[in-house]
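Down below are the structures I want you to see.
Next come two complexes built around subunit A: one with subunit B, the other with subunit C.
And now, the complex of A and B:
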């Protein structure tokens, strides 16, 4: 088919850690595993990440098919274009979420053929027995994607899990409203259990669910402790690697394999720190990836930053955990209630801090905390055109941060020609492209911006040094 | 013997070379065609001929602009952001904001003491760049350099709503057919372009003095419209196309002075004007 000839040349990214380099095989095995599970008659569910139902589906022996992950894999392999075009030919707009478009294009093609599309990346995305949507405020495709997919798979039912959390208002206490949210989410998750029991013909084993929730929470703590090791100078691991090591965090929660992965990563980072082995030999600039999903087809841009002596010791993207003790979750023996509380407390964790700083926002507080903890020199964000809800907020966060947080003392030339002391915001860079639509990306332009940003960082350091 | 510093700015549309000692002693502005992009050596050679000097007298040469990597004989490659900052601050020491309207991109840069502190770029779309004016001038059959004069006397600038350059061209032709006066149409086009650029630049913390550079700065109508949109008076250098090249030459001078002061070795390329090898 003509569509087969549209795959683009892909460069492999250099990783700093062995853990990150092991992820490709892990994801490939997981995707292949869903196809095998289907052949073995297991129940498969199309699933969204960060939906608080990982442990529930694992406890029910349902095999998750992470549709965002598969679209990302197609993007990283530079093989998403033919699926995006399929979706466009079905009258879906190119400006919709390109994860969803890629998935819809794939589903349409697979259903039309009755088998996987030719040369599907890593064996293809298995047909689900049911689909688990999730409205969680942040992202509209989480409600609409599977509804749209149902036109190609009308026999596949959907369960839509509502997972709201109270949005930040500086004059509303979460404690005043959280019980309503907990009650609602618990009802939604119990409804999910009932749906899964009907679909699988099995009853939920709540003791097993409790064990998996406990395993997840130990994994949350371990991830936090492990990622905090990256505060070291030089940092032993950057965001480029974290875009790989997030895989067990978001696709394998509630499994021993995920826990063991972070145990290995923890050991590896400690070894690197002991040897003073950094991502780059001469670490000049420490950057915060302040949000936005990456361009999966252009992860080598992280290597380009590294070639300039710039490293990313920390990122907000895919750091979907906090240490459990911080969340102050009320005691309960009900694992469903526990999941609901963990959800609410995770999303509202930064609210109290934000209230204490005029003009701040929870996400801005998180940025400030990371800037200070990780000795950050500059911020990079990625504005992916097709991911509207997430990325619109990023620009707002950056603007607010620049207004309220100016950590660099400098001497500037006033209009009277005299030098005066001023505090300046951290340099920042907004990259513009997409998560998987490569037609939005120009390597030359992107790297020109990175070059200019690096020069700005250097000038900021020079200005700060002159002040001293 | 004097030190000579050269800056070469290979933009998407125009190539600029400046040679300086105490001041500018030679400058060249020419189109960046596919050949010029490859043959930066020829452009440099022309600038040297103007002052009848051989290439080996150049103490340091910095290349900038999108095509900077195509200058194999440059001692250093620096982005146009830093070079514009340096060059404009040399001409306007109190400048805090630069707006560069190039042939195929536009940029906003905030600076302090000749150092860039922040920047924004439009490098994705012809709307908001000099290319937009070229396309429209072509559609109207007006020479690009006469476009702003055509807008004189407009009392009611036409509204151009299309964001895309191609569609804006169609819209302009249609409005002309409707009988919209030419001066109102051109004034509307300049306002539309100024609006796009100011929207981008306002992402920065704009502060006085504001200096406009690049080919777009030669269009007085655009400069006025942009000043109005921004709410700032704007300044334009005597030759707005060469500020990047001037800055490149001055950065070269800084590098040499710093190395001399600290007793550090100076890394320089062989003084051979060679063309780049493109596979």
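And now, the complex of A and C:
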């Protein structure tokens, strides 16, 4: 296999914040830490982000190995191709989730060699003691990836945690179904605790778990408050940076380090706002990253947007928190129940709001709220070909948004020769590529599309200015 | 292939070529049709409510056009085709739509279907991913929610007795399907794979009582056959997800083999498992749809011991069918962008290899054009078997 020499040139992205620029070292240390933890005999678990089990793992002193993160690192370093090819050679279709393919290719290689593959990015991904799958309402690979990995690691057990949430329906309120959803999630999380106790030989310390859940909830509130600072004009931080600052949110929840990180970010953003220091000097267009995971190998595209005066004060991707005090979580001293309620309340947070606007839907309602809160001029999404989870429904969301929400007033010439007011929708752009697979990406084509979109934004601005 | 004509097979042909014709007629007679996608929707509940369940079918001969204006091309091509023909109005006679939590391509597009088709009724059934006790309890809760929701739309309370009656009718349907499968055990089989695909596909477009009558008449017809419709040839099993057309099976048979059994959604995966009787009907339906239907979207705990034992536990039903129908080779046919099946391909192949069963793995898109391009590989595989 001609795996060497396939790594491609990578340009480092410019960050606007110190916090974002510190993330690379943090992730590198975390990945290196898992390898070291393995050597020290600690228990390692292959884990997925956003599975509501972070605090449980931490309370049991289990070291999470975030497999999506490692695949993302391989992608960002433009060194995923050799692992993708490995997976393909094992009969995994290249059309499947490329995070999973990258991970499976890596696992197969590591298990074949009995050691890390040569020149593994950042020291490689450590072999787990067990794997924590997740049966959610979204993401088939979370349910299938580790099962497939067992082919290479048949001695490594799996616990698959059921974490459903109710989909939005016209005739059913969350309150109608939440009791059996909560009961199920609580049972599944208790099952996870039992599994971890068996695997580690330790008993869960529920007081410690409660402390970690409290810490996470404080962190959720702090992140929300911090990200809301980005409403400022000019915005002090864009989505490019947010693709870094999401790291503590999704990989370090339930740690003091995560809380402290957002405390520092909060201070930094407030300082920037006081100095009126934005992502770009002359902020012309404020954009919403309205869906889709980024191409980790092409984060410099955010810099390209910036070079045109376009900034992203807000994104739906990796904003996996809402303010806890708005989630209406019932009082309970049981940290497991609290995790279950937080899960359901987070995923159904926009349902009530969507019901109030005919033709709306939670994902669309969230876009509208961000458009208004952050004074948005246009929407950009990214369709990653290998991930159905986060990338199906984007076209429809934009179509539906156009139908029900036209915020731009313009004057047009009527047939009678008189000027009349009309409302227009926001300009939007869907970029197409992948999260990991660089072969799907063309920098020239992408930037041509961005250029055309910027022209559209300019025309919309001109039309709106004429109205005023 | 020497396909024999008769009144009943002509009727099958008519309903196959004009998929949905009977449902449309029933609609004009005042009946309400509820469309659904995938084998994981408990059709018994729809029937018990007094509606006609109608399984949405795609069309390999229809280019996907309108659907692509609403749905990303990265969805499973089968789901895309189903959505495209629905959006073009082919199933406008339907009053409602029920989708299950099967795979991302179905789950993540529920809103797209719901708003784009704008039907009076829609519902999503959330299946958990494991078959543990709490999962069964949860799924029963979901089925109860569906029963209540559909009952509101029907303006009737769906009683246990209604469910028991519907379960009985569908179990009879599965008995008849099993009897049809048994006709394929002889060599050569008494019914071709192409004929069988038509019959099973049509069966899911009819009210269960009519499907039962149709299957009974087909069985009666087949018992009178003096000559098998096909010659002796390599006996092939097709393993994969949902095939709702004859094109792929016909290609295999035209290449010189007999397709004698399958492990497909419109096939043994859905048609063979019965619903238990005698207990709580919703408990029984939960067990059938979550546990008995062996779909890769449902995670099954790894069996104790060696990895090979786990493979046997997961795929043993395929091996059993292979033995029972004395197959000479298996074609594993998986759609591009299908995560549940795609992640299982190496494991499925490993299991089938362990049975010393020749296996051909094909990844395809849902299109007559791409199916035709598989001919050479299928012919080479059959030559290898012979």
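Following the convention adopted for this analysis, the second predicted complex is superposed on the first by the 458 of 468 C-alpha atoms of A that agree within 3 Å, B and C clash if a C-alpha of one lies under 4 Å from a C-alpha of the other, contacts with A are read in each partner's own complex, and residues count from 1 in each chain.
Rule of thumb we're sticking to: a contact is a pair of C-beta atoms (placed from the backbone, for glycine too) under 8 Å apart; a residue touches a chain by one contact, two chains touch by 3 or more.
Computed from a predicted structure; not experimentally measured.
K.L.:
Contacts for A:369 in the overlay, against subunit B (first) and subunit C (second): which applies, first, second, both or neither?
P.N.:
Touch partners of A:369: none, neither subunit B nor subunit C.
K.L.:
For the three-chain arrangement built by superposition, which of subunit B and subunit C touches the greater number of subunit A residues?
P.N.:
C
K.L.:
Using the touch definition from the top, say if A:439 reaches subunit B (first), subunit C (second), both or neither.
P.N.:
Neither partner.
K.L.:
In the superposed arrangement, does A:177 touch subunit B (first), subunit C (second), both or neither?
P.N.:
second
K.L.:
When the two structures are overlaid on chain A, which partner does A:417 contact: first (subunit B), second (subunit C), both, or neither?
P.N.:
It touches subunit B, and subunit C stays clear.
K.L.:
Tell me which partner A:89 touches in the superposition: subunit B (first), subunit C (second), both or neither.
P.N.:
A:89: touches no partner chain.
K.L.:
Which partner chains sit in contact with A:307 here, subunit B, subunit C, both or neither? Use first/second/both/neither.
P.N.:
Neither subunit B nor subunit C is touched by A:307.
K.L.:
Contacts for A:332 in the overlay, against subunit B (first) and subunit C (second): which applies, first, second, both or neither?
P.N.:
A:332 contacts neither subunit B nor subunit C.
K.L.:
Looking at A:147 after the superposition, I want to know if it touches subunit B, subunit C, both of them or none. Which is it: first, second, both, neither?
P.N.:
So A:147 only meets subunit C here.
K.L.:
For subunit A, which residues lie in the overlap of the subunit B contacts and the subunit C contacts?
P.N.:
Subunit A residues touching both partners: none found.
K.L.:
Which of the residues in subunit A come into contact with subunit B in the complex?
P.N.:
402, 410, 412-413, 415, 417, 424, 427-428, 432, 442, 444-445, 448-449, 451-452, 455-456, 459-460, 462-463
K.L.:
Where on subunit A does subunit C make contact in their complex?
P.N.:
Residues in contact with subunit C: 90-93, 95-97, 100, 133, 135-141, 143-145, 147-148, 150-151, 154, 157-158, 160, 162, 164, 166-172, 176-177, 180-181, 183-184, 187-188, 191, 359, 361, 363, 383-389, 391-396, 399-400.
K.L.:
Once bound in the complex, which stretches of subunit C touch subunit A?
P.N.:
69-72, 74-76, 101, 103-105, 107-112, 115-116, 122-124, 126, 128-130, 132, 134-135, 137-138, 141-142, 145, 149, 152, 296-297, 299, 301-302, 306-307, 310, 334, 336-337, 339-340, 342-347, 349-350, 361, 363
K.L.:
Tell me, which parts of subunit B touch subunit A in their complex?
P.N.:
Per the stated touch rule, the residues are 66, 78-82, 93-94, 112-113, 115-119, 121, 123-124, 205, 208.
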